[in-house]
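Sharing a structure below in structure tokens format, with a few things to ask.
Chains here go by letter, A, B, C and D, matching the order in which they are written, and residues are numbered from 1 within each.
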Amino acid sequence: MTESLFSFPTFRLEAQGLAFARGGRTLVEDLSFELTNGNALVVTGANGAGKSTLLRGLAGFLSAHAGTALLMDEAGAHETIASQAHYVGHQEGSKPALTARENLAFWQAMLALPGLKSDLTPDAALALLGVPQVADLPVAYLSAGQKRRVGLARLLLAPRPVWILDEPLTALDAAGQALLTELMKDHLAQGGTLIAATHAPLGIESLHLELGGTP
Amino acid sequence: MSPSPLAALFSREIRVARRLGGGGTMGVIFFLILVTIVPFAIGPDLNLLSRIGPAILWIAALLATLLGLDRLFQADHEDGSLDLMLTSDTPLELVVLVKCLAHWVVTGLPLVIAAPLFGLMLALDPQALWTVTLSLLAGTPALALLGAIGAALTVTLRRGGLLMAILILPLAIPVLIFGVSAASASTSATTPFWPPFLILCALTLATLAAAPFAVAAALRHMSE
Amino acid sequence: MNATHAGFILAAYLICIGVVGGLIVVTWLDHRRLKRALAQFEGRRGSDAP
Amino acid sequence: MLKYANPTFFLPLVAKLLPWLAGATVAAFAIGIWGAFFSAPADYQQGETVRIMYIHVPAAWLSMFCYATMTASALGTLVWRHPLADAAQKAAAPIGAAFTFVCLVTGSLWGKPMWGTWWVWDARLTSVLVLFVIYLGLIALWQTIEDPGRAARGAAILTLVGVVNLPIIKFSVDWWNTLHQPASVFRMGGPTIAPSMLWPLLVMGIAFTLLFTTLHLMATRNEILRRRLRRLAIQTATGETNAQPTHRLTMTGGAE
């Protein structure tokens, strides 16, 4: 869909012996995996199995009880995943009082990484997400699905190699879900990686992590 | 092309404040109401008013600064902005500083500008108008920063406003002491202006240097 | 001891005893309550508590 | 050292220590109070009311010592994330508030006959009052935040911020109310006090410290038990056994 004008530099995302707890309960223990350019990891599991906890932990919002999760470049230098990742949670981070364009311009400035600038404008990104008409509307007026699309537009405005998506299909209609699948495929084709928690199949080739399943 | 992250954050904060509740005007109206209530409570004795006027203005400024402070980070926590800011390249300490600056520009600065006017209503003499305004200008940023600590600690609490006030009022007492002390310099012959004023400035600078770290630490821990 | 301010001295010591004694009693009752509740859990679930 | 900080080791240790500590506290109080009332003379200026000093001064000292304990525990919480530090922190706040309250009330009862007023807005009194409010704020924070780990880290940050504030208040208030009574509450500078009054005061200081240690150990133990109870309750509510969390990592071809 979007013609990829660039590709992300080579990197390796390495998680080793990760453990996360929530409310005093260990939900994830001794988890190790490795992702490189173009790989995806889909996380499934029942409610309360720790999907969100794991994703929030990888995004750096929770500190790990044990283990590390780092992003290494070719030279072996490593950074935290948080500084290189887009996190899409249950909230969009949009201010209801501001227009979609204002919200997106803010997140573009806030989340852009040095050396990975995008030429897209907020309006162009909204058009790519199929909601060009909402640019001038305060986000408070939008429907849940429209808000979701506005939120997802930031993934295009500030290119980051890692996408961390918690239930990304929520609130999207069938067309929106297909659109998101295309966006994810493009991202992987550009050499990005993504980690998504989901109940519904995402339609992408991926590693599969099942939490809390039968041992 | 795109503005720097901190500039973008500053303009966003100002815009949000302007569209919700008219930004600074609400704080100034609250300030006006507090100043109006006092003469009703203690009687319209102009001598008394001019003597305690600086203290009234300071207490009013303290309470007006608390207004809306509980939403400073709570709103960002609820709509997910805080999470996204944590993934930004910009250190959270700087984000906090800019948010506090914006909050001060919207709530503190209008008070400082309005203070001489309200001072006239409290029968302050011209010199006292100056000292009150200067001390408020120097002291209110410290109040906003200290308030941010309380706001960060109560970020996840639905009804954290009262708790926030309990947490930060003891911290604000030194600022209040030196602020009032500098402000009443002209009304009492024995109190000099400069020593308490310089200490007030030192307090503000110290808060400016230390509070962002405390606030950022609190936000990281409390939003886990 | 024929104090001129015996009332003040007595009040100070009584308040001190009251506060400290109250703290001890409350802590002790809290301990008993917790113990009992924990014992209930262990009785229901077998001995899986560490 | 870390071995002693392990809750499963800590609880039996407390059970073993508590009777001895309680006995020592009672003995120290017996000696101290006998000293305060029957051995020490009345002050030539203050008369018999000086006997209030023997609870007022140790209470003031303990109110600070308790804050120091909380600060140390706060570092334990933030740096090592140790659950025992969380428990010690939470347990100390009400005890500190109680000692500060005792200090304020006895000071007031001492001030009325000596100065003719219950309260003076002087540096010492104000700073202790602020300390009391900080304790109350900490207790309120503990009670409001449901998740114990999160409450511990919030309280730790507030404790550390408050510790910076205390010396500021102490110095600052010299500037404040210079028109008012520049009273100095404590007239004794340590060695200026007569030995016959000093030793009961020191014994009372030891007694209060022992009392604090006893109370703090009891309360810390309660907090550990409370956490254990909370964990059990959550596990029961989620119908979960103590099985280890599991996960399975596989390569799949996706839906297409």
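We adopt the following convention: a contact is a pair of C-beta atoms (placed from the backbone, for glycine too) under 8 Å apart; a residue touches a chain by one contact, two chains touch by 3 or more.
As the structure is a prediction and not an experimental result, all values here were calculated from the model.
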item	value
C-D against A-D, pair bridged by the larger set of C-beta contacts	C-D
Euclidean distance of C-alpha centroids - chain C vs chain D, Å	15
Chain centre separation in whole Å, for chain D relative to chain A (CA means)	46
Distance from chain D to chain B - Cα centre to Cα centre, in angstrom	31
Centre distance in Å when chain B and chain C are each reduced to the mean of their C-alpha atoms	42
Junction residues of chain B - those touching two or more other chains	224
Chains that touch, pairwise	A-B, A-D, B-D, C-D
Residues on chain D engaged by chain C in the complex (per definition of touch)	8, 37, 47-49, 51-52, 55-56, 59, 94-95, 98, 101-102, 105-106, 109-110, 112-113, 211, 215, 218-219, 221-222, 225-226, 228-229, 232-233, 236, 242
Chain D residues touching chain B - in the complex, by the definition given at the top	78, 126, 130, 133-134, 136-137, 140-141, 144-145, 150, 153-154, 157-158, 160-162, 164-165, 168-169, 172-173, 175-176, 178-179
Chain D contact footprint on chain B (complex, rising order)	149, 153-154, 156-157, 160, 163, 166-167, 169-171, 173-174, 177-178, 181, 188, 190-191, 195-196, 199, 203, 210, 214, 217-218, 221-222, 224
Footprint of chain B on chain A - complex, ascending	56, 59-63, 82-83, 85-87, 89-98, 102, 105-114, 117, 138
Chain A residues within the chain D interface of the complex	23-29, 31, 33, 42, 48, 50, 201-215
